[in-house]
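Read from first to last, the chains carry the letters A, B and C; within each, the first residue is number 1.
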Amino acid sequence: MRKTVIKKLVMVALLSMIMPATGFAADTIKIGIAGPHTGDLAAYGIPTKEAAEMVAAQVNAAGGVLGMQVEVLPMDDQCKPEIATNAAMKLVSEGVDVVIGHVCSGATKAAMGIYKEANIIAVSPSATNPPLTQSGEYPNFYRTIAPDDDQGKLAATFATDKLGAKKIAILHDKGDYGKGFADFSKQFVEAGGKAKVVLFEGVTPGAMDYSAVISKVRREGADAVIFGGYHPEASKLVAQMNSKRMDIPFIGPDGVMGNGFLDIAGKDAEGVYATGPKDVSALAANQKARANYTSKYGKEAGTFFDQGYAAMQAILNAIEVSGGTDYAGLEKALKSSYVETAVGKIKFDAKGDAEGVGFSVYQVQGGQFVELK
Amino acid sequence: MEYFLELSCSGLVRASIYALIALGYTMVYGIIQLINFAHGEIYMIGAFVALIVSGVLTIYGFSGFSILVLAGLIAVIYAAAYGYTLEKIAYRPLRNAPRLSPLISAIGMSLFLQNYVLLAQTPDFLPFPALIPDFAFMEPIAHIMGSPELVILVTSAISMVALTVLIKYTRIGKAMRATQQDMTMARLVGVNVDNVISMTFIIGSVLAAIGGVLVGSYIGQINFYIGFMAGVKAFTAAVLGGIGNIPGAVLGALVLGLTEAYAAGYISSAYEDVFAFGVLVLILILRPSGLLGKAVKLKV
Amino acid sequence: MVDNVKQSVLVALWFVFLTFPLMVVKVNTLNNIVEWRWMNMLWVAIGAFVLSIVWRWAMARRQLKNKKAEIGEEELTQAGLWQRSTEDPKIFKPVLTVIALVTLVFPLVVDIYQTNIMVLALIFVVLGLGLNVTVGLAGLLDLGYVAFFAVGAYTYGVLNSFFGFGFWISLPIGGLMGALFGIALGFPILRLRGDYLAIVTLGFGSIAKIVIENWEEVFNGAKGIANIPRPGFFGAEMSITSATVYTYYLMILMVVFAIFITNRLKDSRIGRAWMALREDEIACVAMGVDMARTKLGAYAFGAFWAGLAGVIFAARNTYINPNSFTFMESAIVLSIVVMGGMGSIVGVIIAALVLILTPEYLRAFAEYRMLMFGAVMVLMMIFRPEGLIANVRRKYAGRKVVTEDANV
């Protein structure tokens, strides 16, 4: 009896897969939002989704773009390449006009081929891997954040010039983002000729105890640490450095510059440096966007909110300026038209990077990240 | 030389935590030949409960030491409760099933518990309060061994001694040894085998929870996934020493912890897991039943 | 009945106590407040009560079934409806024809998104069939199967990025590399038993991932290998849509091939040697079966399929990085084998389709996916350990007439 039921369910499942996917035939502008919305990296993808939804709601209330309503289609990719391809194909089959995403560089690499073939432009708020724009392989890729080599260069020059470090230990979490930042830092430290990289090593994320590698840092006599990775590992390293009474500066990338790090590292965070997108909180556009968010959700906007907001604004502006959603028109509009966004007045250069965004160095002072001029 | 001491201290700390968790694995395996994959999650739940309790107590204005004691105590109680329930639901019905079934069930429970904590609390890392105070007398050598490290080593040592006393000199310990040797005979002489098995799970969970609270205070952060990582390492330690053998678990943990620390310190931190597993494979090739395991003579 | 209700109330209270700190209390350290979620407690109480009643009923049924088997009234694992129907040509042929038609027509009626997902599901079907031989037939518990999968995928990636090898050349090489690694890894662990084997294979799986992550010169580390070409048709350039459809048919062929080989092997000498190995290793050796060769054969065979599947996985995604090859993938493939019914080919196929496709289709429930996954694993083991399709060995015990009017 049970077995018949199982068999029937299987047949139903097989049959339902034959049903072709239905698509909307309405006259709207469809923007796909691809990124991690579930899983352990969801905190990096959800703020962009929320930002896009907010912008869409505002624009729709004011009459839409070119008379059409804006529709937002979120698609989860969990930052995994195989799921990113699924997400990309789904968005293409649902007929999106533009995509905002993806969030992780790896997922973006996997999905871009699919968008390229479908002639769809993708604007990412956070994929900072330099080859995505600089290799020229993805002419349909744009981003509203500066690439990683800028960050690495900034960290390296800050350490050697401003902090006067002579022996720098560079650590990373072996991940794509973290190691990328570490590689660039190393490259620029060595190119600068003012300091030596005495240690370059990867730590295992999720390990219980990093005191071995910290002891190694001390043994090499390093007077500064540059770390590539995210805030969980960074806070563990900083805490253990303090417990071993090591008083040397610690510099992390924008994966460290956030409330997550402050929350977890607590008092150990004091004095830590991090590079992050230039402080745009003084801009009126940014303040307005963030105030809207807080009044709607009751908490501070999360990571990449500003960049996601800006991406949405840039796209809608480009659609308005070019009078439609066709590829050539949008490409021209994005590269030539300046637009006021939550990260400033930007347009995109020939390769797809945003002009007018950059990185600054921040330091934790009194429990908050403060931009250093 | 100082570097060597630092690494040794680091290795001993790891070894202590692995040992606390490995004991749970090895005791359960000794009695019912089951790899309790979900044991790492008990360790994680112990840490979480301690975090929650200390958070509540801090907000209601309790003082430092009482928070440590209360949080630790409640964490231990809850871990024991989870261990007991785990056994009752997922393993007891499979007591007589073929070997693979309880293993898959264990993997399933491990996944279930991880995601349960993820959904009930949060996927993010949570800051764990530093419940272990800094002792002034440790200051001079704080860069080699800090106060938290000392507390971890001492607490683990005390727990292991307590366990040995329990097993060797108490009635319940005798019952556990009897059940491990021959379950049917133990039943025949009047031992309540079901209770003994539950007790084994409970004791293992208590040790794991102690480990969880210690590690939480030491590292300063926890999330739902720490159980998996620590569990695999601790299980490796138990197998290395000979699974089913209590001193073996401790020895295995020592070998594993020290190997990891020295490999990370002298060779490369990135490959520390490779060395850990490499040592395991090497030892198992030379001694297929682990360091202290008895070579099982199979009768045909 | 009343007794059940009383017990269930107690169980509900116990669970309320058990889940209290995690479900009800939420500490917000940023604002220093405690959030008390009393609604959750109510849900836990009601849920635990209902589940407890259902559980008791299900356990009682299970007891009855076990008792009946003990006294010989019924077989413990009956050849299910499926097995009986496949042995009856009158039912088997039409069912097979329908399935074949659906499979062939599938990519032509659904959009590219569905086909792409199906390709992923089929990759896992092949993985399941491979592991089915190692674990299901030979009883060698391999928890690090993903290592061979990674070997296949990275073989193609490396061959392509360094030497420009295309898909078709890399496919057999990937399979061979998988098999070689299977033998290489199997060799040192020949003497190990059951649980020791499990942890060592787990270790191998971890080692594989770490080596790939760190050996930058060859594997490009965490950055992964990108721009891996999709399968080509005699060098013709294909659009993504056609390439995906092409890959789909390729996978169908591979699955059929795998089924064919596994089926024939099951009834062959080495297949029987594997099953003997699973049942009792000592007796097996005593009967003259060469243990080393049989074990290594099982590993190599399973690893070969994983290698092939890995190459196709790389081709489908066009980008691989170490994050796709973790313990979770090994656990998923193991679950596919166990839940499908160890050694049962059809069961493995169905289990793979269900486990890979349902998360895609139930994207709304994505948060609860892993939770349900774990729960299903536990429940399957308790209530249906033989898997979806029970694998009952063919018995040659006199004539068994399976006709509609047999009222035995």
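In this section, a residue touches a chain if its C-beta (ideal position, glycine included) is under 8 Å from a C-beta of that chain, and two chains touch if they have at least 3 such contacts.
What you see is a predicted model, and the numbers here were worked out from it, not measured in a lab.
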*Compute the centre of every chain as the mean of its C-alpha atoms, then state which one is farthest from the centre of chain B.*
A
*asked:* Tell me the chain pair with the top count of C-beta pairs in contact.
replied: B-C
*Just curious, how far off is chain B from chain A if you go by their C-alpha centres, in Å?*
37
*asked:* On a C-alpha centroid basis, what's the spacing between chain B and chain C, in Å?
replied: 29
*Between chain A and chain C, what is the separation of their C-alpha centroids in Å?*
34
*Got the chain C residues that touch at least 2 other chains?*
29, 213-214, 367
*Residues of chain B touching at least two other chains*: 126-127, 270, 273
*Which residues belonging to chain A are in contact with no fewer than two other chains?*
174, 202, 263
*In the complex, go through chain A and note every residue touching chain B.*
39-40, 42-43, 174, 201-204, 206-213, 215-216, 218-219, 231-232, 235-236, 239, 243-246, 260, 263-266, 268
*asked:* Which residues of chain B touch chain A once you look at their complex with the stated criterion?
replied: 3, 6-7, 9-11, 13-14, 17, 123-127, 142-143, 146, 148, 215, 218-221, 223, 225-226, 229-230, 233, 260-261, 264-265, 268-270, 272-273
*Along chain C, where are the residues that touch chain B in the complex?*
14, 17-19, 21-23, 25-27, 29, 32-34, 40, 59, 62, 135, 141, 188-189, 191-196, 198-200, 202-204, 206-207, 210-211, 213-214, 282-283, 286, 327, 331, 334-335, 338, 342, 367-368, 370-371, 373-378, 380-382, 385
_Touching residues on chain B, where the partner in the complex is chain C_ = 29, 33, 35, 45, 48-49, 51-53, 55-56, 59, 74, 78, 81-82, 85, 89-90, 93-94, 97-105, 107-117, 119-121, 126-127, 228, 232, 235-236, 239, 243, 270-271, 273-274, 277-278, 280-281, 284-285, 288-290, 296, 298, 300
_Looking at the complex, which residues from chain A come into contact with chain C?_
3-4, 6-7, 10, 13-14, 17-21, 37-38, 76, 80-82, 85-86, 89-90, 92-93, 106, 109-110, 113-114, 117-118, 129, 137, 174-176, 178-180, 202, 259, 263
